[in-house]
Each structure stands twice: as structure tokens, then as C-alpha cells.
Amino acid sequence: MFYRENGQFKTTYRADQQIFPIAQDRWLILGLIAFAFIAVPMLASDYLMRAILIPFLIFSLAAVGVNVLVGYCGQISLGSGAFMAVGAYGAYNFFVRVPGMPLIPALILGGLCATFFGILFGLPSLRVRGLYLAVATLAAQFFADWMFLRIKWFTLDTPSGSVAVSNLQVFGLPLESAASKYLFCLAVLTLIALLAKNLVRSAIGREWMAIRDMDVAAAVIGIRPMYAKLSAFAVSSFIIGVAGALWAFVYLGAWEPSAFSVDYSFRLLFMVIIGGLGSIMGSFFGAAFIVVLPIALSQFLPFVAGLFGFEISTTAVSHAELMIFGGLIVWFLIVEPHGLARLWSIGKQKLRLWPFPH
Amino acid sequence: MTQKKIGDVVLNVQNISLRFGGVKALTDISFDVREHEVRAIIGPNGAGKSSMLNCINGVYQPQEGSISFRGRTFRHMNSRQVAEMGIARTFQNLALFKGMSVIDNLMTGRNLRIRSGLLAQAFRNPFGIGGAQKEEEAHREFVEHIIDFLEIQAHRKTPVGQLPYGLQKRVDLGRALAMEPQVLLLDEPMAGMNLEEKQDMSRFILDVNDEFGTTIVLIEHDMGVVMDISDRVVVLDYGKKIGDGTPDEVRSNEEVISAYLGTSH
Amino acid sequence: MSTSNTVLNVNGIEVIYNHVILVLKGVSLTVSEGQIAAILGGNGAGKTTTLRAVSNLLRGERGEVTKGSIELRGERIENLSPADLVQRGVVQVMEGRHCFAHLTIEENLMTGAYTRKSKAEIAANLEKVYAYFPRLKTRRTSQAAYTSGGEQQMCAIGRALMTNPSVMLLDEPSMGLAPQIVEEVFEIVKDLNQKEKVTFLLAEQNTNMALKYADYGYIMESGRIVMDGVASELRNNEDVKEFYLGMGGGERKSFKDVKSYKRRKRWLA
Amino acid sequence: QAKEQYLPVLSYRTGAYAPNGTPTANGIVDYYKLVNERGGINGVKLLVEECETMYDTARSVECYERLKGKNGGATLIHPWATGATFALTEKAAVDKIPLITTGYGRSESADGTIFKWNFPLLGTYWVAADVIVQAIAQKEGGLDKLKGKKIALVYHDSPFGKEPIPLLQERSKMHGFELQLLPVAAPGVEQKATWLQIRQARPDYTLLWGWGVMNSTALKEAQATGYPREKMYGVWWSSAEPDVKDVGQGAKGYNGVTLQHGTDKNAPVIKEILAKLHDKNKGTGPRDEVGETLYLRGVVSAAMGVEGIRAAQERFGKGKVMTGEQVRWGLENLNLTQAKLDALGFKGVLRGPISTSCADHVGAGAARIHTWDGTKWGFTTDWIEADQQIIKPLVKATAAKYATEKKLTPRTPADCQS
Amino acid sequence: MAFFLETLFGGLMVGMLYSLVALGFVLIFKASGVFNFAQGAMVLFAALAMARLSEWIPQWIGIDNKWVANVAAFAVAGFLMFIMAWLIERLVLRHLVNQEAATLLMATLGITYFIDGLGQTIFGSNIYKIDIGMPKDPVFVLDSVFQGGLLLNQEDIIAAAIAAAMVIVLSLFFQKTATGRALRAVADDHQAAQSIGIPLNRIWVIVWCVAGLVALVAGMIWGSKLGVQFSLTTVALRALPVVILGGLTSVPGAIIGGLIIGVGEKLSEVYLGPFVGGGIEIWFAYVLALVFLLFRPQGLFGEKIIDRV
């Protein structure tokens, strides 16, 4: 009834090429962004921001990066954890080695380190495909794990191998309070997600998708597979690298290589699959699912058990959490194999028909 | 019927041979294609027609022979070069980008012409700073013409994987057209269409040929179509050329009749 | 007209893809024993969808039958699996070939015999298929992916024949086949129909051929059946003649002389 | 306002480290329950909440962030992982929450003038390493006999495993033994190559710095390559029941340094727990594990925190809920004499006095070696006092380096009073 | 020299054990086109079942005989794996016919979480023991040739022999039998396979069941070597390079790949590791696999990746 595009005629291609061509969507998104920037820092508790929202934002960012590579370009990668690590350690080294290096350039440089690393480990994609590539990219993951553990130079020779940053500032403002960290992550995410969206809806994005969907045909219409694949690796690992640097700098504060273990590679891949391959929006859904759901479950389950008047042990809670989480993944996939983003758009389509079925 | 100006040879295929292990897909094939003509390739299933296009296209690398395009001779070409020279094609087994919308599929055909770099595209904005947006709009306009032309307006934003087979074929053609090719290679563009649709498709092909002067190489099994709209026909059988000439010549060629046409035509 | 010899009775089915796209809007048709029925119609009319609904292959496409019923010899079959249907003799040749790319042609054919147990029967069927399509015999050891489009089409039909069907659903069997092969395919259809009493439901774009060989025809437009009748009558229907057979006003019109392409016949406003 | 002292517990009961994390967590929780049964700390009841970390640093941080502000604020935290301790050290200082790291964590945080919020009570990894070297020397007949010997360190490749390295290097320089470092990637199920290397190098002794499944795997590989278990010495996290249980006889002769206590099912505190909790079905975890090494470690660690709170109450008001700041003061001014420890039920388990100060956040520095005889652990050496002559300077130097890096000034005596 | 041989041998033995896990991946992939991420979890589950049941069964039936306990535990665990296969088909796969590989992969991830949680709920998350009487102590052979003899592990040899036997049996199963062919057809195209009457449901139950049995054998052997505990799932990660090196669709490839990876990683760790600080074996295994892939993108014995227009 209210969600209609009736009457919204596009008179220019520009209008039709907007990110959200439907006015309702535009307002909704603008409202959401305003809400996230203004209301959330005022309303949300420190805990909510620190423990849930910041990880959510950072993982959304990383998931956007992974989606560029996996969802748009179709190169399944399990090296994301490594790209995050390279971003984090790269930024760290610039940050502590170069006197007076401000945070933002350090993050960008970290991202560029990841880009370089990503291109390097993206080279096999020119020959190897699909699951073979996925497994092969694990080489990047294990290599990075090893590199930051063994090559002391990267960790400034700290004996424990654990490194830390402190006194973060952005434009002279300290990045200490939960709200400031939250806003910083949100700003970075908003900006990069916008740029990423621009890329995927422009020529380069179409090249990626073409390579993903049918590489021979793509070559025939003049797309160079090498350029398309490596640029996807580059863009994707840049974004993932920045996310990694944020994760290390803003969230963890102090970290060791295991902070970017292979687990993260898998988790990121799962985020984009469950969120929706080839959808920027899906990255957010996926991150929410994988980051927030377990936390919610672990708080919710004891509560539910409490309602029924019995106490369940933490062991049982953690196990139940695993089972419910696994069950939900399967359930969502059965409901919509193309991920939450597709579920979302089908929902919208239904809404468009509502209240008249067909 | 207006008399077409058929020009010089644009594409010359010389002594191409292509083998896959023991299978001889093509044996010593030579033929030429002239500017502005509609050149058909026919032959029974497995004769090597699609393989021929694949060779011209740089998808397959023939073991022997060469191909010249506008005077430049190649041993093997890579697909990108072929595309840059202005040769486009459609595929027999639909090679569309299934996850992309119709518009995006057609827009990929314009990619060779896009000049903005990666950063410009990333910073594309509705204010027109940087030029990426303008460029995008210009190409979009071009593509919209093709959409109108192919009558697929209603499906603009549908992912092509969800379209019925026949429409997918049209999108495939559209994508090739979007490249503004000088030579268009069509591999069974009318398979899976009914008569009405075939008529439309023939009309499209002839229009492209007339209006833009595009040279057309056409593979098709519907003899009615081939005989009606092509200027010259090559006939392949088991990888060998068994006939070449105007539709009438071919139609009366004994070998062609026994290998392909059968008696009923 | 649900008579005793009705094999297939599709009754007012609606099909929705992805929970939102309504494609079939109440399609009814019946095929009686030993009949060759053809569904005709333009691209996107819903022919493939109808066949998928019958053979129960919709689920993989995220489609579902939301209304109506489908009966095979009086038994409701909406909830049977495709494998059950093959056991009952109903087999579909899917649009777009779908050969098993990594298997050789012969292995492809042999998979078709999965439900058959008798070795002798399988061998005989294989010979029969090779006899129908000699081209397949010469390519028997190639992987299906590396055969030509037409060869794959033959393989798909041959594979279905290996199941020894009593009802065959053919989705555009002639697509991509050379003219004599098209003719052969229809001859095979006729042959099976007459000799082995196989019932056929085919979706076809090649109206000419279809109406020549079919007993009965249905014409579909945007998810509805807009006309049906005995094939010979349809062949003489003026509209059908003009728009499907290209013989409006007597002679066949040259493709070259078609002047405009925006004049499609629509039965529904 | 209810009088409840909120104590979050970071634990791991699933994942690769669950076999060792679970009994430890059980011990902690049971001790807190016991304190409540006993009537709380001067009437202040303890409010306990667990959070699953899977021994993963990021998840630990997440738990920390989640719990630190709940229920009036966390007042002390056991991170239960050295990696997490590294990650939390600075956060805790900002949030003013003391971190208790009994027998783990950063060894240099023994220096309370710089690590104001860290409490590696009862012993650091440098203490452990030092005691092991001394025990080996005892076996060989004197520290001078170590010359020319070869000692291998098989360690969990994480901040935890790397902790003892500086001390061992120091000792190796002093006594002239050769130190071979063999890292094992977490979680440590793949050690074939490591043990092949040991078989090749044939070190005279092998130290094991593992956690979780890494320990039993190491013992199994040692058995498979025929390395004598008598020559293996584990840190106190590598010498408990889960590490040897499924190796059984194969681990016979394997030694471990203890964090004061070993397995003691007859300790008064254990009996009390059994009587007051497990007999009434209020216990945590299986009854037959109560009193085993790791369980007891949990009990002891929890007790340290409780005594810190008690000490704080002495100064800031009995029967009140203490803040993190106050608990810190309490932890810094522990004075647990043997009599006090015995009264708490730790007779034979802990050796008094355990006394901390602003400068010394450890409070004790002696340990014993126990050895697995195929079915149970038993002490095989007397108390060995770690050599503070070696450890102190190392602590000073490392802590000072940290201070300069982080631009911290050491606490003044005045600050120490607060 | 002796040491080199020992390392080589050690590598070969580990390699065989990797193969056993790799085999599980290959089976399911070959037969249904699903990359079964849950293989590691299935190994753990099976091992847990085996370990705990051999503990419990004597208590239940009151006969305290190791052999009876082990055989009964194996049988019951096998039955559990069958139930699991059946449930997976019913509740998951059946609803995901004809979906993309990524979706199916993701579904197996959900299954992984579920099995992990379920296994630990039922059987506990402690460390358990499988005692099938494998000899644990090493033997030394050829003392006359090498000083100190050549170290061999009987346990490894037995395990390797079991692994080899499994592979031979399974290769035979896949070769040319109608079911084998049907399995491959399903992997290529679910829908087409359905359309000609191959009952996907039954096929999937069979395959997952076989994979479950392979997991049980792997879990039993690994479990008896390492103890049964959560980290058993990580052996799946070690088996991945084996799978791609050998080829995702090749049963013999799993063996050859296992041997190459096993030997490669042990030799690299022992001979190269010390120069770069050690701990290189994992990434070395992956890089080794990657290098092979650059020459054969489908793995050593994998089916050629089809790429046609």
C-alpha cells in the first residue's frame, strides 16, 4: 500500500541509476544513516557500542570487501583473515615506526599493504578456480599467520609477539570513548561502502560480475580476466585490510597473530554467503547474523531457561548456542538459498503487492 | 528490396584446421566474408560451425591456418584483440551473465569504450564530478536504444537467469550489438523461437545489417531463414567445407543436399 | 473430459516462482493415452513451467504449484518425487539439454537406465538409441561437455528414452538440431507413439512440425491456455496460420520481406 | 542496593581448550559458591556470571567489554589466557579493573609500580622456568653440570608459550646450556615434525609449555618417538590430569612444576566444597574431578581474588561492595600467613606467607615438581625457591621498557598508598 | 640418512592419515558436488561416539571386555552416522536441490556447528580415549645398518594399512557400477539426474552414510593416536591441501595427495623450518598444493575443469 513505485517516473537515466531508485528506499536509508550517526551514540549503552556495534561495523566493512571478491567477482577466497592481518600489521608498522603518523593515513597505508599482499596471492586465480582457489588462498592465511608470528620485525621485536597501540587520535580528537570509536568506524564504513557500491554498479563492477558468471563470454566481449580478477583482489583486500586495521586498532587495542586466525577467513566467507553474494546490503545482514546472533543467543538462552525456572550450565549454553546457530543457518538457507539480502528484496516485492495478492 | 552495397573482403579465413585429441573439428577450412554481407554457415550437428566461430573469436586456437581481418593476419588471436577490432558474437548455449540484470548484461558490451578509471568510478557521484557518471549515462542511453530495439523494456532489471529462453537469446544478441561491432557472429540466434519470433529476429538482423552496415556471420539450422536472408552460404560437414555460394547455388548442390538438407527441402 | 483413458490431467494449476512471481494462471490440459499433445506459444508463455510442474522439477527452480491438481492416470502426483514419476514411466527431456558434462555420451545414456534393472533390456535400449541417433554412437566416448550443441540435444533425448517411458515430456526437442535431425526426432516420436504406445506432451516452437505430428494442440500466452483444439483444426485456424505458421493469406512469406516487428498477435488484451 | 560483589568469569568450556578450561572454571565457580555458602565476604555475596571465550583473544575482549559494566561493574577479572591478558592490560587500566593472572600473564607485570592493575599472583612463567631449571640442575647434581647440556623448549606458539624464553635465555647464558626453541602452532595437534626434530637433536631435557590438547599430544608423540618422559618437564598448565589421563602409562615419569599445589582431594577446602556443594547437588562439574590439579588451581585463583576483596574491606569498610579501585588496593596488600591460609582450608595446598605490595604483585615465588606415575601425580621434589636475583632485574628491565613505550611514569610512593 | 628416512617415513604415515580425512571430502564432492565442510565435525562426532560408547557399553551390559566394547561401540557409532546421514538428507539437502555450490557449502557449515554442539552435548567436551589396542611404543629396526636403528611406529603402519584398504574398496565402488555412475551424474546436475529417475534422496543418504563411515574410521584412528577432543576437527584443515592436490573428484588422488603433502610438510619443517624459525609446515603444505595447481588446476587426478561456450 505504502511501498509502491507507482507514479515515480524516471525522466533521466541519472535518476534511474541512483543507488536506491525508489523514493521510499532512499528515505529509509537516509533515515537509518541519520539514526546511526545521531541517535545511536546518544541512546546506546557503552556496552552495546563496544561489544556489539563496533564489531558489527568492522565486520560489515570486511564483509563488503569479501563480497567484492567472492560475491561480485566470483573468486572464492579464504584468505580474508590474512588480508585483515596484513592491514593491521601494516598500519601498525607505519603508525609506530613513522614518527607523528596520524591514524587515518596509517589505516590507508595498512590497506595498501593488504592490497599488495592480496594481488600477490590473487595471482593463482588466473589459473585456479572455484573451490580449488578457495583452498589455495588458505595458503595466504597460513603464511600470514606464520609471518607475523615468526618474523620479529613486524612486531617490533616484542618478545611475546603481542603488539598494542594506544593514544589514538583523529584530527586531534582522542579516540577513547565508546561513542567516538563507534562514530569513527561508522564513518569509515559508510564512506567505503558507498565507494564500493559505486564500483560494483559501474563498469568495473560489471567486469567482475561478468567474470564471475561466465568468464569465456566475458573475454569474448573484451574483458581482460587478469585485470578484472586482480583489480577485484586489490579492491577487496584494501577494504579488508582497512577493516583489519580498524579491528586491531580500534577494537582490540592489543593483538597477536591469532587475532586474525583462519577462523576469521571462514567467518567472513560465511557472512557474505549467508548475507547474499553480490550484494553490498547483504554484507551487513551477514555480519549481523554471524557477529550479533551468537552474542544474542548466549545472553538469551540462559534467560529463556530462567523463565522455565531451571538453570543451565554455561557448557550447555555454549553447546546449545552452537546448535541453534547451525540450525538457523540451515533454516535461512532453505528459506532463501541466495541469502538474507534476497530474502529482503523478496520481502519488499511482497510488500509492493500488499495488500492485494497478485 | 534495396540493393545492398557489398564491399571488399573483411574477414578471411585461410586453411584453418582444428583438432581436439583425435577429433578433427575442422579440416583445412577457407572462406571469406565481405563487408556488409550476411554470410551463413550451415551444416549438420557437430560439423564444426560453432568451432569455426570460436576460432575467429580467439576462444579456440586452431593448429593450422590463419585468419585475416581487414588485411591484418593472425595465427591466433586473443579474445580481447578480437573484441577491440570490432568483432562481436552470440553463443549457441547462451553464455549470458546470469546473475546480472538485462541492462547490466548489455552494459558489459560497452565496457571496451569506458574511459574512466577505477578511482573515478569509485567516486562517481550524481553531481557529475569526475565524469564517470556522465559516461555511464551516455552508455546507458545507447543501451536503452538496443533495449527498445529488441523489445525487452519490461525486463530491464530482471536478472537474465530468470528470463525465458527466447528472451535470453535476445539479450545475448543485444549484448553483442552493444559493442557496435563491425562484424557480428551469430550462433543459432533463432533456436528455440517460434515463427513469429523468428520473423522478428530476422528483421533485427537485417536492420542491423542495413542500418549500421554490420557484417553478419550467421549459423542457423532453419533453412527458411538462411535461404531468405543470407547473401552467401558456407556449408560444413564433418569439419570439411562441402559447399560455398549463394543460397540458390548451395540449395542445388548435390553434396549439400545429401549431407544436410535432405530431400524434403 | 476426464475419460478413462486420460493419462495426464492438469487441472487449473497456478505456479509461483520464488514466492512472488506468478507464472501460470490456471492452466488446464488433458492428454489421453497414446496421444501426442503439443503446447505452443511464444517465449515466456509458460510452456517450460507447465512441463516442470508435471514432472515435479519445479522445486529446484524454487517454484511451486499453489493451486490446482495434476493427475496421472487418476493418481495425484504433485507430491511424488521426479524419481517416483520416472518409475511410473513419466520422463522429461529438459530444455537446454542438461547433459552430465563430465560423463561420456555413453555414460550419460547409461544413467538414463538407472531405474531399469534388466541388463538385456538396457542393452536393447542402448542399441535402439544408437540406431535412432547414429551420430551419438560415433561420439560415445567423448565427454558430453565437448560435443556439439546438437549432439547434446540428441544425448538428452536418448537418455530419456533409456528409461523406457510411457509418457514423455519433451521441452523443445528440436532446438538446435539440423533439419533432417528435427525430422528424425519427430519421426522417432511418431514411431514410439505408434509402436510402443508412448504418450507425448511436447512444448515446441517449431509449430509447423509440432502440428504436423501432434494429435492435439494447446496455445499458451502469458501463463494461460488461450486456444486448444485438434491439431488439424488448429493448422487451419487463420490466426494460427498467420502468426505461427507464417502462412497468412496463403503463401509463406519470405523472412526478408517481413517489414516490421511490432505487430504481435495477442489473444488477450 | 543489594550487597553483591559482581565477579564475571571468563571461561572456555567448548573448543580445543575445553578439557583444561572446564575443570579450571569449575573450580573458580565452586569456590565463589562456597564463599557464598560461608556467608559471603563479611556478608557481601558474590554474583557470578560466566562468559565463553574459547580461549580466543578477540572473544575474550568481547566478553570483557560485555561484562565489565554489568551489575554495577566488574570488580576483578581473571582473563584465563596470557594472550587475553596482553589485550586487556591497557583496557583494564582505563576501566580500573584489576586483572588477576595466577601463574600466567605477563611476567614483567610482577612489577606493580608500572603494571598497576595486573596481578600475576603466586608465580609468573619466569618463576616456573627458573624452578624447572633448578630442578634439572638438582637432578644433574648442580647448576654447573648444566654446561654443555641441551635443553629444548616445546612451546605453544602464542604469547603464553613465548613467555619463558627470556628467562631461559638468561639462564642458558649463565650456565652454558644450549636452548633449542621448537614452536608448535595452536592448538597443537600436529607435532610430528617437532618430535622428529627432538629425536634428531636428542636434547637432554625437554620443557613443555603447552595448554589444552597440545600437552597430551606432546606426550603421545614423545612416546611414539621414544623420547624418555622422565626428561620432560612441563609448566604448571601442562601437568594436570587432562594432559596425562588418556596417555596413561605412556606418560609415566613425566614431570611438571606446580603452582604450589598439585592434586589434593583431601584438602580441607575440597572437603568443604564436597560437603557444602556437591553433596547438595549444587556443585559445578563432575564430582570426581573435584580436587584435581586444574580444579584446585581454579579454587586457589578464585580465593586470591576473594582475599583481595576481603583485604580491601578491611580498609574501606567491612560488609560493603568494593569498587575495582578498592579491590586493587586489597590485592596489593595481601598478607596471607600460613595460619590464615590454613583457616581458609588451604592447608597443604598453599604455602604462606603470600604477601603482596605495591612493587610486588606476585606475592610468592616457590614451587615444587610433581611427577606422573602412570595413574596419579605425586610430588618428587621439595619446595624450590625461584632465584629472584635473576628474575628481578629481568622484570625491572622489561617493565621499564614497557613504561617508556607507553609513556607511563612509575607509580610514586604516594600513589602506592592509594 | 637414518634420520632422513625416519622423516620421510613419518611424512608418509601422516600423509596416509590425511588421506583418510581427505577421502571423506572427495566422496561427498564426487557424488553430489557438495564441498562438505562438516567432514571435520563428522570425524569428531564419530570419534566421540566411539570413545564414549566404548566406555559406556560395558557399564550398560555389564561385560567388561575391551574387544566386545570396541566392536559394539563401532557398530553403534556406525549406526549413529547412518542416522545422521539420513537426517541431513531429510532436513537439509532435500530442500536444497539444484542450489549453487556456495549455498550447499554454507549449509554444510550450519551442519558443522550443529554437529559440534550436539556431539559435545551428548558426549561431553573433555578429552577421551579410544583404546583399540594399537601399539604405542616405537620399534627400532635395522640397528645393524644405522646407528640407533630406524624408528618405526607400528600404530602408524596399521593405520596406513587401514587407510589404503578403505581407498581400494571405495575406488572399486565408484568404478563403473551403476550407482557409481549415478553418483557422478548427481554431482554434475541435480535436476537432470532427477529428471531421469535417479532418486536423489537415496543417493544422498548412501553417500553421506559412506562418508560417515569413513569419518568413523578416520576418527577412530586419529582418536586413538591423538585422543578424542575438539581439535580433532582441525585435522580437516590439514586434509584440505591433500584434497585439492589430489583432485576434488579423485579417490586415488586423495592417497597420492596425502603422501605428497605428508612428506612435503615433514621434510620442509625438519630441514627448512629451523632456518626460518620453524612452524612452516602448514603453509608449506598449502603452498605445495598451490604450486601443483598452477600446473594442473584440477589437481593431479581431478576431472578436467570443463570450460566451453
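The first chain written gets the first letter, and so on, giving A, B, C, D and E; residue counts start at 1 in each chain.
Here is the rule we use: a residue touches a chain if its C-beta (ideal position, glycine included) is under 8 Å from a C-beta of that chain, and two chains touch if they have at least 3 such contacts.
These numbers were taken from a predicted model, which means no experiment stands behind them.
Taking the definition of touch as given, a chain qualifies here only if it contacts subunit A and subunit D alike; those chains are E.
Among the remaining chains, those touching subunit B as well as subunit E are A, C.
Here the CA centre of subunit D is 37 Å from the CA centre of subunit E.
With centres set at the average Cα position, the gap from subunit A to subunit E is 32 Å. Subunit C and subunit E have centres, each the mean of its CA atoms, that are 44 Å apart.
Rounded to a whole number, the gap between the C-alpha centres of subunit B and subunit C is 28 angstrom.
Taken residue by residue, subunit C touches two or more other chains at 146, whereas all remaining positions touch fewer. Among the residues of subunit A, those in touch with two or more other chains are 145, 149-150, 214, 216-217, 220, 315, 318-319, 322, 337. For subunit E, the set of residues touching two or more other chains reads 99, 116, 120, 125, 277-279, 282, 308-309.
Only residues 1, 20, 23, 43-47, 50, 92-94, 151, 162-167, 188, 191-200, 202-204, 206, 221-225, 228-229, 260-262, 264-265 of subunit B touch subunit C when the two sit together in their complex. In the complex of the two chains, the subunit C residues touching subunit E come out as 55, 57, 59-61, 81-83, 85-87, 91-94, 98-103, 107-108, 110-115, 143, 145-146, 156, 159-160, 162-163. Residues 12-14, 16-18, 195-196, 198-199, 202-207, 209-210, 212-214, 216-224, 231, 235, 278 of subunit A are the ones that touch subunit B when the two sit in their complex. Note for the complex: subunit C touches subunit A at residues 18-20, 22, 62. Of all residues in subunit A, only 45-47, 50-51, 55, 145, 149-150, 159-162, 164, 166-167, 176, 247, 251-256, 258-259, 261, 263, 295, 298, 313-315, 317-319, 322 touch subunit D in the complex they form.
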